[in-house]
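The letters A, B, C and D name the chains in turn, as written, and every chain counts its residues from 1.
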């Protein structure tokens, strides 16, 4: 099965034009370009529209039809803004911060399979790599917060680092549960293992009666890792003005924003790959209605994973615009005293299930 | 004299309560940092400035600095004649202009010793209760925003707009009405006011419930506010707190009952005091609950007033306004229940001029805010934000 | 004032204030003046300014008075008498319910009034405001600074003879 | 735009259309600084809220001055606050705009005569682009003012100064007094 899938991408990767490996470039670039586009326009635009509809408003309306060009205008404007590096800032850290943040958030996309063919690098430790590389963001955030030489930014950075580092533990254990079910760390393998004619039945979430526990734990932890409400204390607007990016202007600010939406999609994609079958169609084959077969293929794969990602992003937005924010100590309490123990419990239970029951 | 000093210092202190209070470990060598919060900060509700001494996230001390919106109300009051003071009074607590006007007119009318027509009293109570709801909506909305919930804020503003429409229809202005005048009101209620107001009351009741669901029934909201900013009743009285703040501390005290001004003694309402089931008496949540309860109470009062109000054809609400407002020499302290507490006016008249000799506004927020320093001792920064929000300050009134 | 008192029966408020005044008169004698029994705001004056704090403490703590609530403290300027003063509106909240106003005066130039900020904490900011606006000094105040105007503001704005300064930090002040 | 400013004096077709795109971007995403001073701030909040919804125009308040393009001076500026307002203005990145909202920040408003502590017009300390009258202005007038700022942005070009853009705007815009007079004459004639 593996081989048959790869023939398609192999054929593409062997495509050379004028001696340049155009095929490889397409394979690597399509997801990234898509994500950049997504993160730039539809993520921000979607968030603004969804929040607006939740709040009895219309949201962006005047810039393009239904405000569809709003984000484009924002980015173009941010490009034109004066780039201020304040005098007392640590210039090196201040400049490098957003870069590290951006790189950390987007490097993880390399191992994200967008379909049977679209994958930047099918590493055999793909999942491990994704978790590890996202942690690089912490460095960027700390550099940005410290380099700004602003007390609010410093608070935001310290909070953020404490939060991300702490929540990585329950998140990693929850993901480990998934890895245990799959017996692999390769992202593409995850998808292949969850393939089958009965659609969603083959997803890990429904393959194991305890799988919902690591699923929920990972979802909550991922909210905290991406600094989304109710865990948005690092950029808590009412407390810390704008958190670690208080001092950033123009394009640097846009880059931070972009990285944030990028990692939002990243965690949504990881959760859908590990627990919800990634690019596999959730529709089952029912007798003559071969829904699963009809909705499987390279393009369908990209469609499904993007849809699953959007679904989780929608839930993230829904929570964000509904819930108030937790306090710092409550956040840590939740992480260390609730999520981590439960993650361990889930780990043991799944191990028992995998060894003795299955 | 020694005894005297002792007795003074034995006056009460606030002790922070709550099981998960953060304790600063003494062995940790940590540096204090001075953090300047405001005057431009999203959660200071205007231009308040707090100078916080912080140790990490813990605020060791927060010193409020006022005066960034000092608009010299008292000077203006001495420079213009009595009716001319009313617009300036409007601009003091700009969220509850009607209530401000009401308090000022009560003070001056006390000095003038004039009879107010009954219908005027009803109109005054209706508009000021409507304005109280509007003001509490802003208070609750901004409190939600302080705690990170953005949507309730917009819901509050959406519903507030209906009240503003009603009041605009009555007075011609959206926010600063200049409607309640000394001895009367500017216009009679418009035709059909009763119907539309009842429609609003009917519309608003479920909306208030929805707001309750979003905030008071939300676990995170309760966690953020319960047991935060505890103020025992004794201390609250010593600090001169009033209004929802004092009632939040469990003191059964409402000027509408105590002073029984206007037609309030004829109306059937209870003083809102939290029952202590869902909140600790005296914490931020109690104060929030009092405001939420008061909104519903105000709806009841408006309904009652609309029911009881005498209908008069061709009623002239300005009939009782004296031709020339020149009170006889004397001093008066008149007060009324503002959404934020007791709003009092100390007015001194020399009996000769048409201008007050001295007009001091006892602003409720100013007094309520004075406890900030003590409330903030040893709190976390997020709690500090929660406390400021629960005090519900309007800087226009604090600084005047 | 005379004829209003004759025409009107004394309200319960004034009667209660009279009782309070009697208690204080017994305790402090001539330190306090006669009660002004006007129907709007019955008040007495503290003649011996330096005893104001003592009187205040007694008013707060004695069982028969219990003025635990200070509603208002206003600074007042009396240019004809060359005096500054404060007017305090006190109330016994939740205990007896009676109200009374107290006036304390001091000299216009550098006069001091004992601070009651430790008796009623609410007085702390009110006194700072009175100092800010009128310039009387409250002896024993825990934090004697300006509160509304900037620290380096010139003059005391609410005095009747106040002249606005021309510039403040290079910004023109008057219109 | 500093470099381009100096070198380009004649506007050719290419630069103008680039101008148009850049101006379009700037005018469609005016982020005001979310800071309020007094009564007008409440009206500003009401304008941002559901009923008037400034986000329709892409106007979306930011709490940090570093990320904002527009400063809405909403309310009375006092002497104590004046220095802070200047500082906030200086913290904003170029190109920046100032909208003075309400009589108080236009000229001192009701505090004109006796307000010893009130700054009589925020234009004494920072340059103002658009004034919105009213005490407080209705949300509609605030939106009107913001649209005026958008018009001003549209008038700007690489190589011309803000003052020239303002002049161009003035030439282009119609005097409402004249309009009213014309309408009156039309009514009288009929």
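Note that in this section contacts are C-beta pairs under 8 Å (C-beta built on N, C-alpha and C of every residue); 3 or more make two chains touch, one makes a residue touch a chain.
As the structure is a prediction and not an experimental result, all values here were calculated from the model.
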Graph separation of chain A and chain C (steps between touching chains): 2
Of all other chains, the one whose Cα centre sits farthest from chain D: C
For chain B paired with chain C, centre-to-centre distance based on mean C-alpha positions, whole Å: 24
Length of the line joining the C-alpha centres of chain B and chain D, rounded to whole Å: 33
Chain A and chain D, separation of their C-alpha mean positions in angstrom: 39
Distance between the centres, which are taken as Cα means, of chain B and chain A, whole angstrom: 45
Sequence positions of chain D contacting 2 or more other chains: 50, 63, 80, 113, 116-117
Multi-chain contact residues (two or more partners), chain A: 55-57, 237, 241
Contacts with two or more other chains, residues of chain C listed in rising order: 148-150, 157
Chain-chain contacts as defined at top: A-B, A-D, B-C, B-D, C-D
Residues of chain C that touch chain D when the two form their complex: 148-150, 153, 157, 162, 164, 168-169, 171-175
Of chain B, residues touching chain A in the complex: 20, 22, 33, 35-36, 41-43, 57, 144-151, 154-155, 158, 214-215, 218, 220-221, 223-224, 380-383, 385
In the complex, chain A residues that touch chain D: 48, 52, 55-63, 67, 69-70, 72-77, 79-84, 237, 241-242, 245-250, 253
Complex contact set, residues of chain D against chain B: 33-39, 41-43, 45-46, 49-51, 63, 65, 75-76, 78, 80-81, 84, 88, 110-111, 113-118, 135-136, 138
Residue ranges of chain C in contact with chain B within the complex: 1, 4, 38, 40-41, 43, 53-54, 57, 61, 68-72, 74-77, 87, 89, 93-94, 97, 101, 118-122, 124-126, 129, 133, 146-150, 157-158
